[in-house]
Structure formats: structure tokens, C-alpha cells
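Should a chain be cited, it is by its letter among A, B, C, D and E, assigned in written order, with residues numbered from 1 in that chain.
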Amino acid sequence: MSATPLLELRGIDKSFGPVQVLRDVDFSVNPGEVTALVGDNGAGKSTLVKCVSGIYSADGGQVLFEGRPVQIHNPRDAASLGIEVVYQDLALCDNLDIVQNMFLGREKRRGLVLDEPTMEQMAAETLAGLSVRTVKSLRQHVSSLSGGQRQTVAIAKAVLWNSRLVILDEPTAALGVAQTAQVLELVRRLADNGLAVVLISHNMNDVFAVSDQIAMLYLGQMVAQLRTSDVTHAQVVELITAGRSGGLGLAGENGNGKRDTPPTETTSAGADR
Amino acid sequence: ACGDDAGDGGGSTAEPKIGVILPDSASSDRWETADRKYLEAAFNAAGVKHTIQNAQNDKAQFQTIADQMMTDGVTVLMIVNLDSGTGKAVLDKAKTQGVLTIDYDRLTLGGSAEYYVSFDNEAVGKLQGEGLVKCLTDKGAKNPVIAELNGSETDNNATLFKNGYDGVLKTKYDSKEYTKGPDQWVPGWDNAQAGTIFEQMMTQQNGKIDGVLAANDGLGNAVISVLKRNKLNGKVPVTGQDATLQGLQNILAGDQCMTVYKAIKQEADAAAELAIALAKGEKKAAPTTVKDPEGNRDVPAVLLEPKAIYKENVKDVVADGFITKEALCTGAFAAACTEAGVS
Amino acid sequence: MSAAPPTTVVPPVEVPAAPVPTVGSHLRDYWARVRGGDMGALPAVLGLIALCVVFTALRPNFMTEGNFANLFTQGAAVVLIAMGLVFVLLLGEIDLSAGFASGVCAAVLAQLVTLQGYPWWVAVAAAIVTGVVIGLVIGFLVAKVGIPSFVVTLAAFLAFQGVVLLLIKGGTNVSIRDEVLVAIANRNMPPWLGWALTLLGVAGYALVQLLRHRNRSALGLVTEPLAVVLIRIGALAVLAGTAVYLLNLERSRNVLVSLKGVPIVVPIIVILLVVLTFVLQRTAYGRHVYAVGGNREAARRAGINVDRIRISVFVICSSMAAIGGIVAASRGTSVDANTGGSKVLLYAVGAAVIGGTSLFGGKGRIVDAVLGGAVIAVIDNGMGLLGRSSGFTFVVTGLVLLLAASVDALSRRRAAATGNR
Amino acid sequence: MSATPLLELRGIDKSFGPVQVLRDVDFSVNPGEVTALVGDNGAGKSTLVKCVSGIYSADGGQVLFEGRPVQIHNPRDAASLGIEVVYQDLALCDNLDIVQNMFLGREKRRGLVLDEPTMEQMAAETLAGLSVRTVKSLRQHVSSLSGGQRQTVAIAKAVLWNSRLVILDEPTAALGVAQTAQVLELVRRLADNGLAVVLISHNMNDVFAVSDQIAMLYLGQMVAQLRTSDVTHAQVVELITAGRSGGLGLAGENGNGKRDTPPTETTSAGADR
Amino acid sequence: MSAAPPTTVVPPVEVPAAPVPTVGSHLRDYWARVRGGDMGALPAVLGLIALCVVFTALRPNFMTEGNFANLFTQGAAVVLIAMGLVFVLLLGEIDLSAGFASGVCAAVLAQLVTLQGYPWWVAVAAAIVTGVVIGLVIGFLVAKVGIPSFVVTLAAFLAFQGVVLLLIKGGTNVSIRDEVLVAIANRNMPPWLGWALTLLGVAGYALVQLLRHRNRSALGLVTEPLAVVLIRIGALAVLAGTAVYLLNLERSRNVLVSLKGVPIVVPIIVILLVVLTFVLQRTAYGRHVYAVGGNREAARRAGINVDRIRISVFVICSSMAAIGGIVAASRGTSVDANTGGSKVLLYAVGAAVIGGTSLFGGKGRIVDAVLGGAVIAVIDNGMGLLGRSSGFTFVVTGLVLLLAASVDALSRRRAAATGNR
């Protein structure tokens, strides 16, 4: 594990009008590791991701990238730091085809002109690696794709680039058995290649299968960030549904107090279990 | 529904056919209701083929229609230009095609028409100005405040009318007999807009407006409805133009003081006569000429005299056949008609 | 249940009963919403106030009882047409023909009442029926044949100009002299009637609000505190009272005649505002209009007869255009080829949009049309007082419109930045 | 198992332009049972559902409801037969709030007026039964909901009515652990109450946990419809990824031939395995 | 990898290489697409042919060389403005001011060339710069300040009317006498030049198509069969050749003067069509325009500078409006307060929409504007030949427009029914 995390969030707050969604969230991601971010529906996982990728601006708190504080005002800032995101709401352009979507914003060109053949080839290769078999044509509009096919396109789009941090928000939700296996393998491969990966998932099997660390959100608060080897399935489920499990998690039940073990410590120490 | 020959030979050998382009149907109702009717009647009487179209105040449309008429094989083209620029473009194109042209009602500056047939527009304005003075004098108004509601700023005739009545009123302003009040153009001669503009003039003047120079009957009616709302109708003289049914009824009701009658039938007949002659290869002499300052030439012209209409001589318009008694003297106006001697 | 979710079985938890709101928490929430960019009618109202202040500074006459009364009659036709357009815009459709549809209906009115001598109510009924038929035809072409509404109504826009010309015989001005029709936009109610109607309206509002409050409390649902309800009722009473008071002042500039009272169009607009708002907010039909506008496919899947909704909004729009046309005819005491033409349509759509209605559908209220219409009426009214050349007036009107709209825009930008859309 | 299936499809074909998506599909659903419909991404599951619910019109084939042939031209027809569907692309109106969405098209009224209090109460009860805890207010626009919350609303909407057939297209894809458990329990409860339920899912654990029958689609063809107790996990996965497994499934590999065991037989006989 | 997907590990399978298409399979696919409702430009072309047949039946003069040439000059200004509007519509925005923007630019042109006596190219440059500035301002207000484009351009629509009035001093109209400027819309190219340009164009098209085919084949990607490419090139050659041949016939009806050749506006339109199509289809910028129009949020998340794209389309639109204004000024040999007014805007938007551009963004091509513009030009041209009263003309124009659009609508309805959207 490297000394400084690639991405570190400190005390992130975020409200929508009168509703506070994130409360003083700390979170860190190391390069070469898969960090799972788990939490119940509406816990604030997607919101946290969107704060990191510049879709939302956080109300308070700090974002550190390689230890340096950075300001991420829009997705372009995030991309220039090397952050790629697969969003839960996939955000594809329905009126464009698969290739066009995959290269959106980073089209390959020859001079002024788009280099369509190269893009088509690269897209075909990437998709083949993700077990997509039923796509009839790469020139199909994404509006005509099935749910899983859309998700695959979104994933393929994010891994096509030389990024340093890949965040995947429930990437396998709509995927079939084979495709899920491929994506999990891909996630692991990315991390093994030295990238930092954040994986959001509700499937504890997947989480335990590929992650190195698990961060748990409960009602907008980060209850703990622990090494995967230090927790059990049952503990994680209890932490995300009740906010605490044994000595772990928030101090008070349905807690409004601070967590008792600051995550910067827990990441390295693993705490008691 | 057509057995026209294609007309694609030389211009001189073609069968006579007259094309007329009217300007619009919104600024004044004369074009569609009067001019079209009288011209058609004259052409039919002479048995010449003809086509009459309206450009709907759209210059591009105007040129398109002209192109279409030449394609359609007209030998004489009569236009009421929307502005001198497009007018000139059409006239010049016609000339290269060997089509003879007449300026109807509006002179195309720098153009090349054979004739110009019109009313004297400045004279119209002058009659309006004099009419307002007459009505104010009849009312015995002391130092009246005059509001002016001009036509569309983009219509050259509106400028000519204004030159006419401003000529009359300016002497009164200068001699301090009258006070110059608000003076505004009405975009596109829009009557509804005119109502708002006049209402705001009233507000701005705290109601102190004693005479209104409205450039035509439509604007006049808009003014009258505002005056009625303030229960001032009949107390403030309002002018008009075109001797429309509405205007004449307003005069009979005492709400409007005068209008200007342009005997459109005369104008149409004069123009039709010249056009038919041209189509048959004759060239008639015109009674007068008009100086085209831009093209620097004297255009052979027929100029007709407009006529001021007050309550007393409404009957003249009816006598002329411009408006029927049945239309004018409906219901409430029967009594006023009798009083004004309309028969 | 072999491999289903492991170990921990979590008991279902109740949706947390939100804390009972107090006046204070209510105001705090409102302020948080405003700061988050969810401002409702606030920007339009602020824009309106700003305009009034500016015009008053430039022309003190702007702030007179007479001018206040003028505002209502000047803006009435546009507001009425805009109210109907809101329905069409809520579906993400457009009706370019609404202006000339009002012209056609006005022409039918004029034909019958002036040229054919029918009584006023026959003519009014015929005009409204004309509007309904126009709406049915447009709606059919849009919903059943499937031509985009922009194209259908562009065609209708052209065709109706022709129909007006044919109906009123090539552009004559037809006068409206029927006393009842002329009264609509030109006469005022006796002061006592104004007061009586105001009282009735406020009392009705209070009743509805209080009943609703009691109902919800009885069912144990989250409600606003009673104090907030009372404050709202009070505010309405004060506002309506002030307006009626001002309109009941003498505004004649002529000592001989008296001119006071609420213009007759005002209750017409208010009643239509209430009725249409009720339809949109409190009936299943209104709900379906919003649903179709928000997500047509979702609405279809929910079993809503989308075609019927689409046709119906065009019918409502054209009927409101008919009413607008009648008011315009009354105000001008005549109908001509320009009735409903020139800027009427753009002003009406502009009114709805300035008020906050989205052109993409799904968002908008009837009161938007009234507020936006007020903004436009004030601009036209104020510019009329300035009395400058047409060129100048056009330019300044454009700029002022922009200014009024930018208040709203800046608030919405804030909303977008914070993720509240 | 009752004699006549509640819903029976025979020889359904469906093409989008030149692309044939469903090919001669037979499928039957019995009341009181949960029938799982599984298949790889892009196999045609959602398309099949949309043909049943009247979103698409099938190009050929027959739909029988209670043994009678029916024509379903639009979702209203489906609803009047008592068919409720939770679509994969959720189809909620973003500009309406939770209660409004849940009652869309079947608003409760008192006379002309909408009966908001009743609807709000009913919505609250249904949602509570689905473990939704983080929704701040039932009057929130659904556009502001998290992915899982949206999905819960869509599910709640479908089960609110007295329907006879409930079709759920990947209902638990975005749901958390607790919510998933609730939905599966709900599915089972619906079937036990005599309704017919079709469950589409990629999660084999869930499928085996709740279903009575499993129907497998492979590239637009129905490879087999079997009783859950008659197949293993591994067989199902093989059938949906390769089209055949042992003697089950399509005749030829990547088959264009007919299946060797017609599903009407397999449903009752269970075939060999 | 404890509990991950069980047992069977499925090997990744290649995206199946689609079978190599033949001419036959290509045509079958096309037919299947057409039957499925995906008809491309077909409906507009069919509508156009239908219109031509009807007008020729009514007035045989419609089908003369002279009238064919007229069509181009008559439709030019609207087509040019519509081409620019396509960009704005692609984003789901609207530019109501495009018509009057062309008026403003034409007024600038007239000011400089006629009143101030500058050479024509200075005036043209100034007009286009004016267009760019207008676009920048509108784009800034829409993208950065966040006012809805409908409101901004409604304000501009009003303001520009005033600006034109101020620039050309009220109701006067300013003649354009510069020979070069007048030539644009009123003169023809010598016949040999027409042929030379046609040859050049067809050869260029053939080159690009064949190179592309070779490129894709070389990379092993799915391509159309060579025969289809050749057929396409042949079709273009025949079409362009016929048009040029017809335009090079003598069409003067006066024996003394000769009138033949391709009108100078035609190559201007064709070049702009090619350039703008290239920009939209073959550059990253064009791709981004479609992306922002299809899903603005997705485009933003893909790192596209959405604001810049939004501003740029307004700049393109206003610049094209400037060019349209110059052509209109040339055709009218004058500029007045009505230049760019009346129906210009609605016709231009109508042209784009009839051609198949969506008002909701994301769908449309430049050639749509040309096809739709042709439909509108043919209607206007044909109605001009009929020569009836203006009421009648308006009504029939509307109906014909509707008819032309319904061909398209019926095809799209089929698409919706089969689920192809």
C-alpha cells in the first residue's frame, strides 16, 4: 500500500436545498487497489461520486489528489486529473451510435477530420473483451440497445483511456452472468496495473471478490473504511443497514455523533473486529 | 384549369395579359376590397387576360410574384411597390424581359415605369391637417393639444401623409395657436397597438389631448375606442382616411370628425385604361408628369384628387357607389343617415 | 432460499415521520429552497417590481390609478391566450396559430354580430365553438396523424390569416357596436360589486385552505402549520383588497363623467385563472397533462390515453384564444386583418415562458402566464409613456424584456450549479 | 399447478427494421407461480415483456390470456387484463413527485377532485413495506431520487393494484441488500396469493430462491422452460450463455434449428437433466 | 474470488463479424429500414415531387426552365438562414431573431456600401462580422447567463427591428447599386463555368467516397459494396448534370437579351451545404453539437465544453443569417425595415423542421434545410402562379404545407409503432 492515497476526501458536506445528503465524509483511495464503496439505497454513494467528478460542487470539505488539494468544478477538471467515471445513470447520448458514444469528447482525428475507422476498430476490440455478443452493429444508436448493452458501452467508454482513477457506480447492475464476470476481472486487472479503482455495488459477493478496502456509507455519513480482509460479510451488511456493528461504526445508534474510529486510522489499522 | 399558351416566344408576339401586384391586405382594406374589384371589372370589360396578386407586405414574396407573372407570360405589369428598392428590381427585370410596366399608387424612385397613376399623398395629408383644424375651430377649442398617430414608419406613403399634415399643423404650432402633443408611429399600422399607444398618450398627458390626427380610419377607430372608454368620444376630434364603412359610421355617430375619400374606382379605371392600351400595343399620352428625383426623369402620370369627407358630405361617397347605403345605414345609423342626407 | 441475501435479515423500517413543521422551520426551509435556486414565482414578481420602479422614476404618470386600470385591459388578450398556451407548452408542443386563431374567432364574432345581426351571445358561442373546432383539427393532426405541432400550427398560422381575410371580406375593419361586447374590455363594474366579488373570492380561498389543512391533519399527514395557512389567506386578502381599492378610485380626468371600478375583464381573467389552475392542479386530467409533458412514454405505460390528452390541450388553447380574440375585438371595438396578428403570438408565448413555463414540457403553471403577461403589459405600457421613435421603442422593449428575464435566469443558474433541477 | 396457464405466448416474432430480435418464442406463466425469465444481455427479455404489455406490437405469433387469444395494442389493454409491469427503463415522470408517480393513470378521486391525502397515505404504507428509509418526503420529485429509490417507487407502483399478472424486469438491479430481500419476499408473497409473477433477473441466486419455473432465452430464441427444481445453477448458466446444455436447449450449437423439447412439454415433464 | 459468479466461466466471444454485404443485401436492408419507418430524406423528396406534379398539372408554366431558375433565387435567403438554424435546433434551442438579424446585417451592408461608399467586400465583411457579434451576444446570454433562448431571441427579435429602423433612418429604403452585390442573386454564371464546377464537384465526391471505401476495406471493417458506392456517385452526376443542363438553356422571353446559366447563388448554397455538412458529420465539433443536443448532461460528463458549443451554434446561425441577409439585399437590390421580417423566420424554421430536423435537439442535417427550403420555395412559387385572392392564397399555402409535411409524419408514425425511434 502506498504512503499517500491517490484521492482523499476530507469532511465533504453536500445539501440539496434543505436536505443534507452528505455529512462530513472522509474517504481515501489508494493506487493499485480496488476500494469498494457500499451503502444502502439513498446513502449518498452516487452523490459522493458526483462531487468527486465535478458534476456537483460540494458545500464544504477538501479534495486531495496525490496529496495536493485540488478544485474540481466540472467533469473536464476531473478528466484532466485522470479520473474516469461510469455513472449509475449512464449518461449516454441516445442519438449517437456506440462508437460515437465511446469516443465522445476524445475523438480520434486525422488533422481536422474524425478518424472513424480507427475508432471503430478500437471500440470493437474493447467491447469484445467485455463479452458483448448480441450487439448487431457498432453503428447502432445506443437508444436501441438493451439495458445490459448500454451498461457495457458505458464501462467500455471509461476504460478506453489512460486514466489514473476509475470510479464505477454499480457497473454490473444490469449485466448478465458472463458479462459480470468479465467486468469484475477487468476491475481487478485495472488495479493490478496500478490504477486506483472505486467500485460501488450492492452485491456483497462481488465486493468481497475483488476489493481491497471497503468504505461504508450510512445515511450520508462514512461509518468506516476498512481492509476487506478485516471484516466479514455480516459485519458489512450490519454497518450499512444500521450504522454500527459491535465496536465498529457510528457511536450512537442511528448516530448523529462522530464515528469513533477515524477512517484514516482504520484504513491502516483495521481496528478490532 | 388553364389553357394558357406557354408564352415562351418573344415578348412582342405574345397574347396580351396584364399582371397586377398589390402590396398587402393589412395596412388598409382598400387593396383587396376596392382595387382588386375595380381593376378586375375594368379588365374583364375590355376582355384582356389578367392576374392580380397580393404580396402581403413581404418583399421577397413581391419579387417572387413578379417572377411568376413573367414566367406566366404577362405583357404588362402593374405594381404597387412595397419600397422603391424591390420595386426597381422588379421593373428593371421586367424591362429586360420586354414587359411594359406601370407604377400604381406608389412611385418607384429610380424606376422605369411607363406611367404613374396615383392620388397625391401629400395632398391627402394636407386635407387631414386642414380637416382637423376645421373641426377644432368648429368646437371652438382654445390652444388645443394635438396628438399625432402616424402610420407605419416603414411605409413611404405614411411619411408623405405626415409631410402633408405636418405642413398644415406646423404653422399652428409656430403661431402658438396649437400645442404639439405626443407624436408616434404605429408599427405596421396595427390597430390594436395603436389603441395602446394612444391610451398611453392620454396617461402621459393626464388626459389633456384635444385633437387627434390619426392617419387612417383604422387608427382613428382605435383612438375612438379609447376615448369612449374615457367617455370623451365626440369631444375630441379625430381624423381618418380611406372613407371606410367603419370610418363613415364613426363620422355619422359624431365620434370621428373627418376622413379622406380617395375615389379608388377612378384611380383603378385610369390605371386599367393605360394598361389595356399598353397591352394592345398603343401608347396613350398622360395628362401630366411627375418628377422622379432619383431617376432624374419626368414620369408620365395621372394624379387624382382626394376629397375630404365630413358629416355633411358622407352622402357623396355613397353617391359615388363606393359604399352602399344598405351597408352604411344599418340599425343605429339609419337616423344619422337621414340626418346627413344619405340616400 | 439457498443463496439469497446473506445472514442479516433487516426488519422493514417505517418511512420516518418528518418532524412536525413549525412556522420557523417552514420559513427556514423556504429560505433554503430559495438559496438552492428553487424560487417559484419570486423572480417574475421581483422583475415586475423592478420594472414598475424604473418606469415610475422615468414617468411619474406610470403610478396613477388610471394607468393601473389600463394595464389590465391592455394585457388581457395576451394573458388569456398565454393561459391557453400553457397547456400546449406543458406537453412540449407549440401552437404558432394561437394568435391568428383568436383573429379567426374574432372575425366569426364580428360576422355574426355586426354583419348578420345576431345577438351577442350567439356570436360569442359561435366564436368559442370555432375555437374548439380549430383545436380539434390541430390536435387531430398532431396526435393522430403525427405531424409535428410546429409544422401543423405554422400551416394553420398561414391558413388562418387567409380565413380572416375571407371572413371579413379582404381586410375591411368590421366595427363591434354591440353594447355587451363592447363592455367586456371597456366598462367597469360598480364599486360595490368589485368589493362583493373580492370578499367572495377571499372567503372561498380561506375555506378551501382551511378545509384542506383540517383534512390532512386528521389523516396524520405532514401539513404546514396553521399559522402559515392563515398568513397566506391574509396576504391574499390584503393584495386583492388593495387592488380593488385602487381600481375603485375615481380616475376620470373629466369632471363631468365618472370613471371608476374594476374593469370587467378582471373578474373574467381571475375566474379563468382559478378554473384552469384547478383543472391542472386538482384533477386527474391536469395530472395527466403534466405526466405526458414530463415523460410521454411513461405516461403511455401508465395507461394514460396520450392522444386524447394531446388533442385536448390544443382544444383548450384554441378556446382560450377564442376568448382572447373576443376580448381583443371588444377592446378595439373592431376586427380587422391584423387582429391576433403581429406580436400577439410571440407576446403570449413569451408571457408563458417568462413566467417560468418550459418549452420542453412538464413544467409550468397558469399563474405563470398571468405574471409573464403582466411583465409584458408593463413593458408595453411603460414604453408607450416614454413616447419615443419606433426604432428606439423596439430596442428598449427588447432590452427591458431581457432584463426582466435575466432575474429569473440567474436564480435558475444557481439551481443548476447546486444540482437542483 | 393449474391446468391452463394465465398467460401463454405462441410463436412470437419481433424485428426492428432488418434486425430480428425475437424468433418464434413460446412462453407460459401459471397463476400462483413465480416464473423466472433469464437470458444473456440482449437476449430479448425486455423486448418480450414489451410485446406482452403492448409497448411494441409483435410481428407474428399469438398471445393467450386464460386460454383466450387476446390482442394487446397498448399498455391500457394490458392494464385492463390485469397485467402490471415494472420496466427495466423505469419510465417515471421526473417532473412529478413520488405519490403522483405511484398513482399515475389511476388517481384516487373524490368526485372530480384528486384525493391527495388518501393517495399519500397509501403510498407511505406501500413504501414502508419495501424498506425505504432514506426518502425525505413523499412529495419529492422522482428526479431527485437515488437509483435504488427510483426502482423502489417503480416496484411499489406496480404492486399497488389488484392485478393478476405482475412482470418485473430486473427489479432488484439497483437495490440494496435489505431492499432486495424485501422485494424477493414480496414476489413470493404475490405468487402465494395466487397471482402470476414473471421475474427477470441476472442474479441466479435470486432466481433459484424464489422461482417455480425458469424460462431461458438465448439470442431471441426460447431454449427451454423448466421447473426450477429440475435444473441446476450450472445448467441454467450454460443454457443462457451457449444455448444448450447436455440434452437440453437448442438442437444445433448456436442453433438455428428448433429446440428439441417443446416448452409446453418440458414445463410439465421436466425432461432429462 | 470467493462467491463470484458460479461454476461456468464463459470465454469472451468476439463481436460477430457481420456477413459481408452485397448489393442485394444492401437493398433489402434499405427496404426493411424504410418499411420499419426509417426513411431519411425520402419523405421530403416525395413531398417535393408530389408538389411539382400538382403545380404542373394546374399551371403547365410551372415546368419551364425559367421557373426552375426562379426557384433557386426565390428560395435562397430562406435556405441559407435555415441552414444556420439547423445548428441551433440541433441543440434544442431556437433563434427567433435570425430573420431580423439578417435584416440588421443587410442594413449594415447597405449603410456601408450605399450611404458611406465603401467597396463591396468591406461591406460584406462588416455584415458578416455583425452576424458573428450578434451570435456571440445571444450565445453568451443563453449559455453563460442562462436565459432561455426563446426569451433572449424574442427580445432580440424586438430589438433588431428597432436597430434596422435606426440604421436606415425610419421608413426610407436604401438601394444597393454595387454591381458585385447585385450580381449575387440576380446574375448567372456563364454556361461553361457551370459545367466546370459540376465536373469538379462530382469528381471530388467520387474521390472522397472511393478513398473512404478503400480505407475501410483495408482495415477490415464492414463496408458497403463498391457497386453501391458507384451507383451513388452516378446518381449524383446525373442529377447535377440535368440541373445544370436545364439552367444552361436559354430562358429569356425577349429575343434581344440572352438569359441562361446557373444563378450565382446556387454555387454559394452548394458550397455552404458541403462545408457545413462536413463540419457536422466529419469533425469533432460537429459530433459535439449532436452530443449536446442529444443529452446535454452526458456531453458535459464526457468533458465537452457545453457552453462553448452553445455559444458557437448561435454564432454560426447569426453568420448564416448575415449571408442570407446579403443575398436578400442583393435580390431586392435594396434594404428596408422589412428586410428579414414577416415570414422569413417562420419559413426558415419551417424549412428545417419539414426537412426532418427536430425542435427538441439531437436530430437533423444541413441538407434537411435545403430540402425543406425547396418545399417552401416550391409552394410559394406555385401559389404565385395560381394568382388568386390573398385570402385564398394564404389558406391554400397553409394546406399545401400541411400536405407536404404529412407524408413525413405518416412515415414516422410507422416508425413509432414498430418501436424504431
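Structure notes:
Here is the rule we go by: a residue touches a chain if its C-beta (ideal position, glycine included) is under 8 Å from a C-beta of that chain, and two chains touch if they have at least 3 such contacts.
Predicted model, so just to flag it, every value in this text is computed and none were measured.
Both subunit A and subunit E are touched by C, D.
Minimum number of contact steps separating subunit B from subunit D: 2. Traced through touching neighbours, the fewest hops from subunit C to subunit E number 1. For subunit A, the chain with the farthest CA centroid is B.
Here D-E and B-C were compared by C-beta pairs in contact; the pair with more is B-C. Mean C-alpha position of subunit B lies 39 Å from that of subunit E. Note: centroid distance subunit A to subunit C, computed from Cα atoms, is 46 Å.
Subunit D has its Cα centroid 43 Å from the Cα centroid of subunit C.
The multi-chain contact residues of subunit E, meaning those touching 2 or more other chains, are 5, 8, 10, 161, 165, 170, 343, 389-391, 393-394, 420. Residues of subunit D found to touch two or more other chains are 16, 55, 132-133, 135-136, 144, 177-178, 180, 204, 237, 241.
Shared interface positions of subunit B, i.e. residues touching 2 or more other chains, are given as 25, 32, 36, 56, 153, 185, 187.
Shown are all chain pairs that touch, namely A-C, A-D, A-E, B-C, B-E, C-D, C-E, D-E.
Interface residues of subunit E, counted against subunit A in their complex, comprise 1-5, 8-10, 12-16, 18, 215-216, 219, 221-222, 282-284, 287-288, 290-291, 293-295, 297-305, 362-363, 420-421.
Taken together, the subunit A residues at the contact with subunit D in this complex read 16, 19, 39-43, 45-47, 88-89, 132-136, 144-149, 152, 170, 173-180, 202-204, 219, 237, 240-241. Note for the complex: subunit B touches subunit C at residues 25-26, 28-29, 31-33, 36, 56, 153, 182-185, 187-193, 195-197, 199-204, 206-208, 217-218, 221-222, 224-225, 228-232, 244-246, 249-250, 330-332.
Looking at the complex, you find that subunit E touches subunit D at residues 5-8, 10, 28-29, 32-33, 35-36, 38, 417-420.
Interface residues of subunit A, counted against subunit E in their complex, comprise 53, 55, 74-76, 79, 85, 87, 91-96, 100, 104-107, 109, 112-114, 117-118, 120-121, 124, 127-133, 135-138, 143-144, 177-178, 180-182, 184, 205-206, 208-210.
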